[in-house]
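Each structure below appears as structure tokens.
In what comes next, chain A is part of two complexes: it sits with chain B in the first one and with chain C in the second one.
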Partner chain A sequence: MAEQSLAQLPITAASGPLSKAVRRSEGVVIPIAALLCGLLAFSLFLLVVGKSPIEFYQLIYKAGFGTAFSWQNTLSRSAPLLLAALCVALPARLGLVIIGGEGAIVLGGVATGACASLLMNAPALLAIPTMMAAGALAGAVWIGAVGAMRHYRGVNETISSLLMAYIAIAIMNQLVEGPLRDPASLNKPSTLPLAEHLRVGSLPGMDVHWGLAAGIIACVFSWILIEKTSWGFAARIAGGNVRAAQIQGLPVGKLIVGFTALGGAFGGLAGMFEVSAVQGAANASIAAGFGYTGILIAFLARQNPLAIIPVAILLGGIEASSGLIQRRMDLPDATVLVMQGFIFIAILISETFYGKLRIFDPDGWRS
Partner chain B sequence: MTGDKVKADDAIGIETVGMTMQFGNFTALDDVSIKVKPGSFHALLGENGAGKSTLVKCIMGFYHATKGQLMVNNHEVEIPDPRAAHAIGLGMVYQHFTLVPSLTAAENLVISRDDAPAIIDWRKEREALADFLNTMPFKVPLDQPVMSLAAGEKQKLEILKQLYLGRRFLILDEPTSVLTPAEADEVLGLVRNLCKAGKISVLMISHKFREVTMFADEVSVLRRGVMVGGGKVSDLSTDQMASMMVGADLPERNSDRTGSPGHKILSVSGIRAIDRSGLKSIEIDKLDVCAGEIVGIAGISGNGQMELMEILNGQRKYSEGSISIKGLSYSATRTEARELCVRVLPEEPLRNACVANMTVAENIGFRYFDVKNGGSTRFWINNREIRNRAADLVSAFKVKTTSLDSLISSLSGGNVQRAVLARELTGQVDLLVISNPCFGLDFSAVAEIRSRIITARNSGSAVLLMSEDLDEILELSDRIIVMSEGRLAYETLAAQADVGEIGRYMAGHHA
Partner chain C sequence: MSIQNKTSRRNLLKSTVGLAGLATMSSILPVNRAFAADLTVGFIYVGAKDDYGYNQAHAEGAAAVKAIEGVTVVEEENVPEDVSVQKTMESMINFDSASLIFPTSFGYFDPHILTMAKKYPDVRFEHAGGMWQADKHPMNVGSYFGYIGMGQYLNGIAAGHATKTKKIGFVAAKPIPQVLLNINSFLLGARAVDPTITCQVIFTGEWSLAVKEAEATNALADQGADVITCHVDGPKVVMETAAGRGAFVCGYHANQSSLAPDKYLTGAEWNWAKVYTDMVNTMKDGGTIDNFIRGGLKEGFIKMSPLGPAVPEAGRKQFEETQAEILKGGFAAIKGPLNDNKGNVIATAGQSFVETDVALESMNYLVEGVIGSTN
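Now for the complex of A and B:
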């Protein structure tokens, strides 16, 4: 009997385009549903504190996406978020939960500031790529070290990356208040302001700096790396099952260090653009929590680099609206953080539903 | 319940009457009757999968036997759950410790009580514990955290805990597997004295003849869920126990084999490594496998087979020795494995050889996603080619899947193993390293997978087969090596194999 059922071979209707689409939709429908649930729960919170959720969401729309100006504001804020989210998503594909991207951003910014002070008189064509390389390198070393500690010494990467973020901030404070301090910066210790020709300008025709383009290119690059190259395929094997990767002889350690370092490099690049395009000098303002928002974005995007682009823009818009919400609704600006927290909890809960819902499994429909 | 009929301080005797346990179509226990008299030390022998664990789980109420009764002190009892077993004085000591490492012995004892008060009066409890310990023939330090105790002390504490909880019939599940031989002798000696004093009766699951002959009064032997023999240990020789345990007759050897062994492929020499527990060493002095032969490594699980597999796959470091394949040093990198044509079938393929959340096609593609047809490495993967090759392999190896895009984890165990076979047996295979290939699979999948292994052998692959199923080893191997305590203890040609001899070495009875 077993032979008979083996003979009538397997591949049936469930491999058609519909079931393919259904399979893929799981990764889109569940996070969107989780996002909506998080917003719903946050609405209840607003009602409890006596504010109108409808007005709140209207203001987010208006301040984040309502006008050309608000779009530019949103996109400027999205630029570091794109890169910060990659710093979470790339290691996550290898099974590492890194939450200390803030450290890479901060050190990337400091390295940029230091580099710019040294190259003050160099031509932009030489200095700006050097600053980018320095920022990326600082981040790569920082997060790559987290990956190396994880693989070779078994140190928990989540905790070590978070602690290293605090160390990074302390290092930055030490440097900008000490050896790198601009004597003219009195209230807010900073590195020397960047020479005018070293400041990264805006994209043609927009009031949004080049960091946005860099972030989008980095996302596309990361997606191609993971989905289209043999390194990415190997990383997916190692991230899915280390034992299987070892049996296949894959260099698990190199993959882990390589992907964490690449994630860190993107984090460092976020710091570089914050310093060279927004702040104009490295100081405490670059530790603005982009690294933490990046965690939320990466999880909402299911660690998919292409999905990071729209999610980062959405979160950028939400952050852009916090000022207006504060003024119009008389809510503290931390309210937006409360909302992010609600969304994050909903996303974490939604992780438990993958593979459990029969509607997304065409194989299970008939039974 | 009959708990009230049991006098608190006396050993309890138990008896299983015609106990049968079925899981679906599979009969794990078939009409097993075992009697453990009050105050006796009874050993339960059997290979992996013989039904020992199933039997004790039925006694303890984890499983409900399909048929048969349990008698406790000659009264029939129903055990709906482990709590009920505890209430009438049946207790179990597991292979691995169940103590809380950060708490002291005294704290562990008190919190393990069902009636531990919400607020513990430690002074009173300590006095009660001291009184209790005075009645015991052995002591453990009460005030040190359990994690600072040696393994032997922990096992003594586990046994004390059972006595403290009023258990008078103890099941010991391989109680010495984490102990050194000296510790094992001490603990089992104490247990034996408690039995002699009439305080407890013991049913001990064991693989080790030495322990059975030294400490047990009686023995029962299970094989494939059937009680195949037993009696007073003093009346039985180890030879008799060995032949009961592994079966007296040889299973039919697979007759499809053709050709004879060729030149040497795998050569392992002088390997020294530490085992999984970190306590014992793995010492492989010499192991060669030639082209066109299957070398079977037999042994009870936990004797170093898993570690040997890990050493060969580069997952475990070794301090000395060397591994070479076709005369070239081998450290299990992807390039080496590809150039020397080494393939691996680990046990539990879904857990060890697949990525559960990748598709069937991707999982089958693990060996070739980064190589072109010509053999040069490729940087850009070609999803269409991965799918096409997977489609061919799926039909050639009869993998039953609804689609190539289904997740590998949605397949049945036999089909996961077929998919892994399809991946590992395609292309030139000079060395095939296999561990428990048929564990948990149904009959038809087993036959098919074994015939694929024979086919690989006939076409010139050197096959190293590690299996806990001795029949599988006997059926497939050309040469059989017994692994025991991390060493290769015995070697014989399969055609001349003496099963009793193999069984003795498996049970650690050297020389």
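Now for the complex of A and C:
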């Protein structure tokens, strides 16, 4: 290879359909192999504590994917995770590691609760889109501010987003225990309960709320945005090399603020669905840690919005089975967290294999 | 580099295969447990079952239910107050055939228990903390709670005898009625010993936030409080931190004497074992559980930890006398003349609120002598 000139490379690269398929398969085979390795390592852990891995995985299948109820359980849990993961994945395409999506979710929820108390008598067709817009706007401002601080003031976005999540939770507590508090909510301070017609219901024929559909649409939209538009192309360039992008005259600042704000808007939307579909009022229960699970999902999906969908469903299924595992195997609830940890580490290690394995390089077969 | 990688990978594979072989030899085959009991009861906790506090108190109740013949108990801990708890209830109903469920956290009630109760009218849901109203809520939901404020009043008496600085401290989660009643009762108990005692309260804002609980406890000790109690989900941090600073402690939710044997005066404990075995037996015998259940020391809903070695003889005597008084029923900790700590009149001379008074369930003040604010 070394003696070939650069110009010759594209010509000599194998380009048959088989070679193409092999090259493409790298992005699928490596994560799946890593997933299996993680599960294998976790099985050893289970054996060490004297539990049967076979029973464990059977229970995950049964409680997460085995029955119609299991699927509804899994999908209900995946719904907020899809949006929370986008809040990490979109900025990540610009090279930003945002870990404070929880803040966007919480503020999106509070904005929805506040909006719903104002629009109590408005028709649902007007009020629900307004609530969605309010939730998304709150999240967009919050995470957009992280992006702006990063670009204009050089503040590390990882740290600032995490710290701002704590501030967001404090703001939420202040608001639901103060100005927005429903005086009737004595022992659990909450905003006024949403009027019945403002509650977002379930998808037809399922016991899963509309947040799932919104999450899937958002993932597809984000994939098109990143892969098929010039903005997405510009964002990927800026994510690869910010100076090169600036030299090319790309509006790096606008891209950073725009993508962080869009991620934040999806986070805020997750909060909106938590309040309007699940909780029925904004209160401390909306800070349930979806933002943090979202980080794991975005990394497992390698920041690819389409891959977020199966990964979120997998993680939702694992969480759905946590209860049955506790009850049947007498294992602590942290067991599934340990398993997630094993998978996460296996995936991180697998990152080092991209482009290094000869089997995925048809050119290398001949030499 | 790449050669090293390959070798280590091969080695890893080898050892993995070896271990897998081991696994097959000592294979622990999956056992499908049969749930053939007459009655399956589910318990759901918001935190860990061994938190030395709120959840442990309920788990001790569940352990007592396990001992009843023909009853199977299924438990799940660390279940957040979102859609997870709804799905946990459904999972217990679908996979374990549970027909009586105790989702024990306060925040599970609205909307989660109410949603599931409408969907599964044949399953009974019992909730601690209680806001069940006949005109608003399904009949297959019940609420139960205990007058634990009386326990904090007795804690206060022990504290009043132990304090040298005449300053006692309270680490509280949130300024909600149940917590305010406990703070006020603790101070009034202490003032029954010495009316000059004051109680500093610090709110952490969260039910379970170990770092802030430790900070609050240290701040109280710094200000001279030498007896400290709390109302947070898991009192372990407060107990250990306070005892480490040389202060005496009064327990809450469960018995924490093992955490600070020399410094532990007494504690206000839930006695869910009695409440739960009564309810489960009623249901097992085909009866119906009342939708609204309340009880105190007399009914066995709450109990006091045995007095610790640090309580002086005079304190022991007054504690036991007052306890006997409460056991008779109709005892009032909140009685006139009494002002709140902003000077507003709470009760005029002769006016009193007995432990069963529902007005106490919407308390929004701190009494005179408590240093702190509800907002």
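We take it that the second predicted complex is superposed on the first by the 353 of 367 C-alpha atoms of A that agree within 3 Å, B and C clash if a C-alpha of one lies under 4 Å from a C-alpha of the other, contacts with A are read in each partner's own complex, and residues count from 1 in each chain.
Note that in this section contacts are C-beta pairs under 8 Å (C-beta built on N, C-alpha and C of every residue); 3 or more make two chains touch, one makes a residue touch a chain.
These numbers come from a predicted model, not from an experiment.
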Contacts of A:23 with chain B and chain C, given as first, second, both or neither: first
First, second, both or neither for A:67, with chain B first and chain C second: second
First (chain B), second (chain C), both or neither touched by A:77: second
First, second, both or neither for A:188, with chain B first and chain C second: second
Touching partner for A:230 - first (chain B), second (chain C), both, neither: first
Per-residue contact with chain A, leading partner among chain C and chain B: C
Chain B versus chain C as contact partner of A:351, first or second or both or neither: neither
Contacts of A:241 with chain B and chain C, given as first, second, both or neither: first
First (chain B), second (chain C), both or neither touched by A:44: second
Where chain A meets both chain C and chain B, residue numbers: none
Touching residues on chain C, where the partner in the complex is chain A: 2, 16, 19-20, 22-23, 26-31, 33, 74-84, 87-88, 90-92, 94-96, 106-107, 110-111, 129, 131, 174-178, 205-206, 361-362, 375
Residue ranges of chain B in contact with chain A within the complex: 313-315, 332-338, 344, 346, 351-358, 362, 366-367, 369-370, 377-381, 391, 394-395, 398-407, 409-410, 442, 444
Contact footprint of chain C on chain A as seen in their complex: 40, 43-44, 47, 50-55, 58, 62-63, 67, 69, 73, 76-77, 173, 177-178, 186-189, 274, 278-280, 283-286, 288-289, 319-320, 323-324, 326-328, 332-334, 356
Chain B-touching residues of chain A, taken from the complex the two chains share: 2-3, 5-6, 9-12, 14-15, 19-20, 23, 228-234, 236-237, 240-241, 243-244, 246-251, 355, 361-363
